[in-house]
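A quick write-up on the structure given underneath.
Chain nomenclature is as follows: A, B, C, D, E and F, assigned in order of appearance, with residue numbering initiated at 1 for each chain independently.
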Amino acid sequence: MMKKGIGHYNIGDSFEDFMLIKEATKGVASNGKPFLTLILRDVTGEIDAKLWDASKDDEETFIAEQIIKLKGEVNQFRGRAQLKIFSIRPANPADGVQVSDFIEKAPVKKEVLMEKITEAIFEMQNPSIQRIVRAFVTKYQEALLTYPAASKNHHEYVSGLAHHIVSMLSIAKELHILYPKLNKDLLYAGIILHDLGKLKELSGVVSTTYTLEGKLLGHISMMVEEIGQIAKELQVEGEEVVILQHLVLSHHGKAEWGSPKPPLVREAEVLHLIDLIDAKMNILNRALDKVNPGEFTARLFAMDNRSFYKPLFEEN
Amino acid sequence: MMKKGIGHYNIGDSFEDFMLIKEATKGVASNGKPFLTLILRDVTGEIDAKLWDASKDDEETFIAEQIIKLKGEVNQFRGRAQLKIFSIRPANPADGVQVSDFIEKAPVKKEVLMEKITEAIFEMQNPSIQRIVRAFVTKYQEALLTYPAASKNHHEYVSGLAHHIVSMLSIAKELHILYPKLNKDLLYAGIILHDLGKLKELSGVVSTTYTLEGKLLGHISMMVEEIGQIAKELQVEGEEVVILQHLVLSHHGKAEWGSPKPPLVREAEVLHLIDLIDAKMNILNRALDKVNPGEFTARLFAMDNRSFYKPLFEEN
Amino acid sequence: MMKKGIGHYNIGDSFEDFMLIKEATKGVASNGKPFLTLILRDVTGEIDAKLWDASKDDEETFIAEQIIKLKGEVNQFRGRAQLKIFSIRPANPADGVQVSDFIEKAPVKKEVLMEKITEAIFEMQNPSIQRIVRAFVTKYQEALLTYPAASKNHHEYVSGLAHHIVSMLSIAKELHILYPKLNKDLLYAGIILHDLGKLKELSGVVSTTYTLEGKLLGHISMMVEEIGQIAKELQVEGEEVVILQHLVLSHHGKAEWGSPKPPLVREAEVLHLIDLIDAKMNILNRALDKVNPGEFTARLFAMDNRSFYKPLFEEN
Amino acid sequence: MMKKGIGHYNIGDSFEDFMLIKEATKGVASNGKPFLTLILRDVTGEIDAKLWDASKDDEETFIAEQIIKLKGEVNQFRGRAQLKIFSIRPANPADGVQVSDFIEKAPVKKEVLMEKITEAIFEMQNPSIQRIVRAFVTKYQEALLTYPAASKNHHEYVSGLAHHIVSMLSIAKELHILYPKLNKDLLYAGIILHDLGKLKELSGVVSTTYTLEGKLLGHISMMVEEIGQIAKELQVEGEEVVILQHLVLSHHGKAEWGSPKPPLVREAEVLHLIDLIDAKMNILNRALDKVNPGEFTARLFAMDNRSFYKPLFEEN
Amino acid sequence: MMKKGIGHYNIGDSFEDFMLIKEATKGVASNGKPFLTLILRDVTGEIDAKLWDASKDDEETFIAEQIIKLKGEVNQFRGRAQLKIFSIRPANPADGVQVSDFIEKAPVKKEVLMEKITEAIFEMQNPSIQRIVRAFVTKYQEALLTYPAASKNHHEYVSGLAHHIVSMLSIAKELHILYPKLNKDLLYAGIILHDLGKLKELSGVVSTTYTLEGKLLGHISMMVEEIGQIAKELQVEGEEVVILQHLVLSHHGKAEWGSPKPPLVREAEVLHLIDLIDAKMNILNRALDKVNPGEFTARLFAMDNRSFYKPLFEEN
Amino acid sequence: MMKKGIGHYNIGDSFEDFMLIKEATKGVASNGKPFLTLILRDVTGEIDAKLWDASKDDEETFIAEQIIKLKGEVNQFRGRAQLKIFSIRPANPADGVQVSDFIEKAPVKKEVLMEKITEAIFEMQNPSIQRIVRAFVTKYQEALLTYPAASKNHHEYVSGLAHHIVSMLSIAKELHILYPKLNKDLLYAGIILHDLGKLKELSGVVSTTYTLEGKLLGHISMMVEEIGQIAKELQVEGEEVVILQHLVLSHHGKAEWGSPKPPLVREAEVLHLIDLIDAKMNILNRALDKVNPGEFTARLFAMDNRSFYKPLFEEN
């Protein structure tokens, strides 16, 4: 049986299901008549659809955040899949569907994510580091548990940021066992703090865009500043503060990638590598899930535009 | 008559004058005997000298910050000038020389520099911008008037930072007349603040090195953080704060050059260009001053390693 | 009240005004019927429009350089604005409009531009430099006062080249006051000559394209050659000639940007920087004029594809 | 008490201990007399020493692989440490020292390393992959357990290659638990095979150089070829062979780094990242071991020439 | 008279001739009706055509590899030529046309190409080199004489690979006369072997794509492996084998271009240069053939996207 | 028997022969005594030597362009060969040696080189091209036959430029036979003219340096200018002039390599490739001549710093 969700359809398949309108734009066709371009989504992906000869009524009905029931066929247009609409109607209460059914979420529950983060903070032995990290997690707890880790590319789903942090903490725990000289406090703190600036850089959980501060300063600079502020408020002093700031500042690894200083502390280097691994695994696993053994994935922008191959001897 | 100062000597010239020891390092010659490598300076430049067969006494006498009287000859060693020492002695009170005679200073007095900066702040019309800039100048006034603008490359002399700021303010004033849409408040504020982080990045005025914070965070990130702090203390809010932070953040122009965001506000772009002009003019004028018409300068590291030509029809 | 001109319209606005056809291309629609793609312009910008079901008559009427009166609405097509045509007719003498009303011009009159250039030449003290520059200005006076500075990017309007030269001369004048060691003659001469090669590289003032010589040699090489020729004709000898050639040759700053030699003379470096400033100010001012405070401009190709922000506290 | 070994000495320290001569080169001093430049090593590092006025006898005694007893002092020469020799003599049987005492070895015994590798092969479930890997390990067992992983940079010590493999296997094991979709067989096989070509690329365990084949083809190409050969000999067919070849081929990550194809299979990407982590941890741990808290390491060539900081709050 | 073939038509020309369908894709028009996008070819080039309102029957008739007779007109669509179809029918036996009439072939016959290659092998004096090359040519003779040299860019026609080899052999012969120190055996062998890996990398002669092995390993690595295998089978030993492998491995010249080692043997460097010359001449001659004197060619992707000029004084 | 000439000596060899002093520089040894650093040459290469304890007399005798007779031994200093001097004396008339015996010359006589160039001009059919080229050859005949092609890297010997031209003409002749569409006139003209600017860029045949014009404009720009001048003097008009200028302008191939325009005419591209081949063959042949089979050459700066291998199966 075919897996459910638009991400698993092929060109030519018939389609009948509920979807969420992500974006609706009005256009004028070459015959002079208005039409709507809809971007539709469910938890497995997105697809475009054109609603030709759209009436005024249609324009008011089929808007962003509206759930719809649609019958159609998956066609190809300029090399991309497009849903040909046979019939479309807005969902009604009787359908028993809700917006959150169509938005991708982390595969781990918020409570579990929070527990893991709390546990990591609890394990810390350096009180300065521990107090700063705890202050951040307390201050931003709600957003931290709902925000995506990025507006696209990797962990771009509800609770994506917390999911990313928790996966990274697991890797760090194991690396600390293999390389016991690693300072676990620093590593855990760097992981929890490294992307918290995104809570200010990104506008929110749904239809995520960049804030003005995000565009002009970036999440890294904002976070470096806030670590300084929180340390001041907590009256924490000592080298720990500047080292934590350095971990955040350098975690993109290179000036060209947005870190004005490269990692200059062992744990900063390791933080950068763990971040890479978890982001890449997230992208690869989700892309390979959508293809069969013997096939290549679509080109993955955040992986230098490579297409990855799923060997024939892999299980589907 | 030859111009005074080591910067004007040629290979083969005899030399007899006072100089300041900038660095003294002990070595062992191929004959097994100890010697001292001295880096000597006056206001026009630096030169190396070897003191062969150095006694224990010599090692204790000829140390950094000591003024000496030296007779010798300018020789060449591996393509660089080197002073051959005929005789050397430490200066004594009767000589009437002091350390500050040997250290390069800005060609404009501190008082004048301070006046110009104050005047620029006075001209500002936006109170948020004005208050933040004034707070910084008040807080750092003393260091601001003595620090160099860099540990090498350009304006690397006493009061160099303030001299650099004041020259940039003059250019900004004229550009504002030519392009009246430029926001003068922003431009002046960007100029005064852009390099203040160096007061924390560099260790001091003499034998300048980098602080730990300077190495791990850099002057740009430190300054962005402090603008946020000062704004908070002054209870200044509004877009002005983030724009000022952006001006400082982006003033190196490109990620590869240390600015995690490129200029995205008109005055940020202009700030970057004015900074380039004044730094380059400072380097070029000082290098061309040391050569005669018809000659090329030494290779200038901060100018992509180019040698510049002084045309024959220039006055010396 | 809304500012006049197509550059100030938003998606959804009704439009009724005269425009100039810049380009008209015939196409065939998916229903097999011919249509015209028109590129329309006024002094504030350009916009595309489609004339569907175009008759033979339409094809002959709506051609490049024709002024038309048009009623329509600004729509969006593939992310770009497009004029939907409700009615269209060619302008007639009674309308009292002429082609030059629709072509952007420098904001300063030709006579004033010429006066400023003449004044700069008059100020020169080195007779060799002065004679060469005067010969060029005399030879090319007419084209110099009408050509754009480029076919796109900056100062791409009637008299754009002279406007660019005169703005640069103003900056140079002020820099010379701040840095009196700059050789004013060289700087003025470099500014006046640096882009004159474009008079041969570009085909003309309207619908500017590149000449064969322009494509195969480029304006820099052509100008270097012509300085040599004119000097020969004037029997001017001495280092001035090669230095002027070097100023032109190096004014793009780097080999990758089209200068086979980088600036190796102080005034060559400054010429390059002044050129950058004036070109960038021209691009930025015109782009920011089209947006409101709190908005970003379109991406600016010649500014590394950046969008610039106009702060909320700027006047519109 | 000072840690034992030349890697822990500072400029000015007296030294008296046994060392191994790694290289001895004859030179002629400026006084016309012959001298020997010795590169000396123990398990903690290397240092240069000059033996002045060397006799014919000295030249024959003090040669590579000879153990010597030396008294001297650590001096500085052109910014590098150099041993000043007070007295030197060859070791004799009574001293009870042997060459292997002076050569760095992996901190884990050969037997343990072999056991871990065998265990990984044992866990594999795909018989094609398992047979190929087992054939390689059987064929090269002896060299595999003694070779360094590189001639310099990381794991450049006896059994370095096996140590590197075993560390990587541990990381892989944990990543497989965190990301269960990873194909463990492929990952283990890639790790064991990825650098085996170095057994042919490098000349041996001591004073390692490159073979002709190593210089002209490189270890990656040689290994890809040999996987094909071994598969043929074992009559293994199917996609596993080409995937294993791809893992080896792509493990440097980019064409510029020596991989003609970038990773295009999930496990190839992960192999590249695990390789990076273990190599970097090896370099960082060994460099940081040599400095005290509050200090920076020497510049590390294989880490983009960065110096790393050891925070004050780390234990020594 | 106009030259025959679609490559010589201009916008607006009427067209009536046979063509081969290279690709046929189904689409849905904005009016909801199906249409076919056809890519048509003859020996001079390719062109797109749309068959509107395509019936089920049309979909089954107009498929890849079908020859058709078409009347129409060359139009322009989004800046590219497109055939507007007036009438279309499949070819029938009576038309006397066949698929091979529409596929570009090398301008030299297979027999002649084979003869030249055989002759080069015959001239070799080193028996090891000769035996390896002969074994390859015997093993792959058939494919070698039909494959293109690439799927696009240069020599992308039937027998293109052999044609490329034979042209390169001619250049090598002459260079050997001018530079007699060149080892002719090596050079000839390198030329014959360098691209043979493409026989495994590319899927075949018509509608050429990449094989899995080709995508994951590339023709260079596959060929290096096979040289090793064949040498083993022939029991050829000695440095010749590794040098031949190096010639193939390095013939792209740089790591970024796919050669993990750059040329390190004289003949490897020359092989790379001869490859460049012949590939570029093939591209340039075919592109310039399609334009008239005084015109520029289309942008040539494989020539850094340059357009080349055909001088007016050239014959057409 | 060992080949004659310093280029064939190995470390440890005794040496007794005449050499020419290329450069003599005075230095002061660590014992305070003056010494001379001599750069000595014969036709096979150069070597350094130190003359310790040099007297005033020595300083006046052993100067550049002086021939000397020297006994000594080839030693190694900092990884480079150095002649240890046992005895040295200036040559006297009775020795029968002259300066030209020590300067490398092209292996072909001037007369032959001139004849080949004349012949190529004679073959040209386009009178405009022929007249321009003939005018240049007539004007510069003497220098053309004596200048090197470069101050270092390739053909850096007497008549090197003419030798380079004649070799390139031979390659062009053969390529024209293989690719008859090449315009032979253009190709020959481009070859003869491409580097003539070096006659003005370089100071002369012996101890070649750069002229001011060479440094500020470069040989390419100077030559483009002079082609324009000569064409004007000869009253040659038409596209030939600009095409010839383009050939010279573009012959370095890329902006980064000094060509402000890349080749945009077929013969310009071929000219660039032929130039590469002949320059590289000249470097490689001369470097490989100095090593034995089984050895690598020194690193070759102009070949991207590669060392080339001479296979064991090559004759020496």
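Here is the rule we use: a residue touches a chain if its C-beta (ideal position, glycine included) is under 8 Å from a C-beta of that chain, and two chains touch if they have at least 3 such contacts.
Which chain is which protein? Per UniProt: A, B, C, D, E, F = 3'-5' exoribonuclease.
Keep in mind it's a predicted model, so treat the numbers as computed, not measured.
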{"item": "Shared chain contacts [chain A (3'-5' exoribonuclease) and chain D (3'-5' exoribonuclease), defined touch]", "value": "B, E"}
{"item": "Greatest separation from chain D (3'-5' exoribonuclease) - chain, by CA centre", "value": "C"}
{"item": "Pair exhibiting more inter-chain C-beta contacts, C-F or A-C", "value": "C-F"}
{"item": "Chain separated most widely from chain F (3'-5' exoribonuclease), comparing mean CA positions", "value": "A"}
{"item": "Chain pair among B-F, B-C or A-E whose interface repeats that of A-D, sharing over half of the contact pairs by residue number", "value": "B-C"}
{"item": "Centre distance in Å when chain A (3'-5' exoribonuclease) and chain F (3'-5' exoribonuclease) are each reduced to the mean of their C-alpha atoms", "value": "61"}
{"item": "Where chain E (3'-5' exoribonuclease) and chain F (3'-5' exoribonuclease) are represented by their mean Cα positions, the distance between them in whole Å", "value": "39"}
{"item": "Inter-chain centre distance, chain D (3'-5' exoribonuclease) versus chain F (3'-5' exoribonuclease) - centres from mean C-alpha coordinates, in Å", "value": "44"}
{"item": "Multi-partner residues of chain B (3'-5' exoribonuclease) (each touching 2 or more other chains)", "value": "30-31, 212, 215-216, 239, 243, 264-265, 296, 309"}
{"item": "Chains touching one another, given as label pairs in label order", "value": "A-B, A-C, A-D, A-E, B-C, B-D, B-F, C-E, C-F, D-E, D-F, E-F"}
{"item": "Contacting residues of chain F (3'-5' exoribonuclease) [partner chain B (3'-5' exoribonuclease), same complex]", "value": "25-28, 30-32, 212, 215-216"}
{"item": "Of all residues in chain B (3'-5' exoribonuclease), those that touch chain A (3'-5' exoribonuclease) in their complex", "value": "212-213, 215-218, 220-221, 224-225, 228-229, 232, 239, 242-243, 245-246, 249, 255-261, 264-265"}
{"item": "Residues of chain D (3'-5' exoribonuclease) defined as touching chain A (3'-5' exoribonuclease) within the complex", "value": "126, 167, 170-171, 174-175, 178-179, 181, 183, 186, 238-240, 243, 262-266, 269-270, 273, 276-277, 280-281, 284-285, 288, 296, 303-304, 306-314"}
{"item": "Sites on chain C (3'-5' exoribonuclease) touched by chain A (3'-5' exoribonuclease) in the complex", "value": "29-31, 35, 50, 52, 75-77, 84, 296, 309"}
